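Okay, so chain A shows up in both of these, paired with chain B first and chain C after.
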Partner chain A sequence: MNKRSPLKILALCSTLITGALLLYGTKDFPAWGDPNSPASAHLSPHIIENAAKTTNAPNLVTAVLGDYRGYDTMFETVVIFCAGIAVTAILRRPRS
Partner chain B sequence: MDGLMQELVARYNYWIYVILMMIGFYAMIGKRNLVKKLLGMNIFQTAIILFFVSIGVKNQGSIPILSKKQALEGVADVAQVINPLPHVLMLTAIVVGVSVTGVALAVLQRIYKEYGTLEEDEILEKISKR
Partner chain C sequence: MKRLQEHFEVHDPNLNLIIQTSIRILVPFVQLFGLYVIVHGHYSPGGGFQGGVILGASFILMGVGYDLKKSMELFPEAWNIAMANLGTTIFVGTGLVCAAAGGLFLDYGALSNWIGIEPAAWRSLGIFAVEAGVGFTVTSVMLSLFWDLSSRGELDGGL
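Let's turn to the complex of A and B:
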């Protein structure tokens, strides 16, 4: 139709190729809900067994977020702050 | 064919995320409206967040909040509690994503004020005319 359509076809092709590669890659992934999957095998048993005792927070997500990764969470606020500064700097009307 | 079906049933969550990711990726590179590109980025992000959260799921596992007894006596059964680490990481990712979306929306608003349109080709035309 218009002269832009070849680009769209190219975009569609690259999307399909990426999707096919990723679907091929899922062949090696653990099945859904597998309790022995690699993600649940190394650090997470330690956290589940010890986090409540060492941090006194029964919610394990809170225990990790606020204690083990406390600095990460604290500097998250810096990310939000920088975003806020950027938004005000972009939208500010120059004084004239 | 039978093997493929078994594969699909065991890992259908990954297929859903890959399809969501493809939708977002196509919107990012194939659409010409900048707002649609931004929406595509958010869909992409959601696909990755869902993917990470689904990594932590365990069959017969409950939420990662311990009961009073489990917390006091330290008798949590690892197989009964799902993996909390992907949830924590995705909280971080959501915060960063919100920041990125906010800044992107501000830039889009500025572009609209400057050029009166959010279509990529019209903006390029107006830039080349200057």
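Let's turn to the complex of A and C:
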């Protein structure tokens, strides 16, 4: 059968170590839904109080996605666009 | 004779009639609902991504029920590519226009420097423009992914 190359074993080891470090890091996260976490204590009250007034959008999710985090949404769109372009460039060979 | 039998096993005419008729009835409502989800994103769950997927699914439904040619008649390939580009351009262009009006990138409120309605109204309009751009891109990319993946990129028969 196929021999395991040392590079693959190295890759496996580095993946496992990185994963273990990331899992270890999640121990320091605030508990899920913790009212005293920084996000719940500072960001959420600000958005809940001001978003509807400053954006005229009663749906806070839309206000956050479209305005407060517009940059994030922009690159989500660009990612989808790039995926479409890549599939088109690789696969499309019309038989016309 | 055998080929005819095979043909009718694959393309059962009665089955096709039922499917195609129900899809023809269904598609306008699906498209209307997709537009509603995009436009009503300010007030209810929804927005560009979800509405775009629903709109794209309506064209995919035409492609499944009939064939790829039918869905490419409704939404030509060139328009599809143009719309995907247009959507992304609307999004980035909105941000650039805001920057040109003296604010930050994607800071829609800054447009009140040019046309003096209050910043909150501009932010609402800006969110809508951005969601519309997302909807355009997602609709056409969904459909183009379906075309390419279902016909191995040859765009002839489809499923």
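Descriptive notes on the structure:
What we mean here is this: the second predicted complex is superposed on the first by the 60 of 96 C-alpha atoms of A that agree within 3 Å, B and C clash if a C-alpha of one lies under 4 Å from a C-alpha of the other, contacts with A are read in each partner's own complex, and residues count from 1 in each chain.
Quick note on the criterion: contacts are C-beta pairs under 8 Å (C-beta built on N, C-alpha and C of every residue); 3 or more make two chains touch, one makes a residue touch a chain.
None of these values were measured; they are calculated from a predicted model.
Contacts of A:65 after superposition on the shared chain: both chain B and chain C are touched.
When the shared chain is aligned, chain B and chain C each come close enough to touch A:53. In the superposition on chain A, A:74 makes contact with chain C only, while chain B stays out of contact range.
Touching more residues of chain A than its counterpart among chain B and chain C is B. By the touch criterion defined above, A:26 reaches chain B but does not reach chain C. Touch criterion met: A:87 reaches chain B and chain C at once. Of the two partner chains, chain B is the only one touched by A:16; chain C is not.
By the touch criterion defined above, A:39 lies against chain B but remains apart from chain C after alignment on the C-alpha atoms of chain A. Touched by chain B in one complex and by chain C in the other are residues 53, 58-59, 61, 63, 65, 73, 76, 80, 83-84, 87, 90-91 of chain A. Chain C contributes residues 41-45, 47-49, 81, 84-85, 87-88, 91-92, 95, 105-106, 108-109, 119-121, 123-124, 126-127, 130-131, 133-134, 137-138, 140-141, 144-145, 147-149, 152-156 to its touches with chain A in the complex. Contact residues on chain A toward chain C in their complex (touch as defined above): 53-59, 61-63, 65-67, 70-71, 73-74, 76-78, 80-81, 83-85, 87-88, 90-96. Within the complex formed with chain A, the chain B residues making contact are 7, 10-15, 18-19, 21-22, 25-26, 29-30, 32, 54-59, 61, 64-68, 70-71, 74, 76, 78-79, 81-88, 91-92, 95-96, 98-100, 102-103, 106-107, 109-110, 121. Only residues 4, 7-8, 11-12, 14-16, 18-19, 22-23, 26-27, 29, 31-35, 37, 39-40, 43-45, 47-53, 58-61, 63-65, 69, 72-73, 76, 79-80, 82-84, 86-87, 90-91 of chain A touch chain B when the two sit together in their complex.
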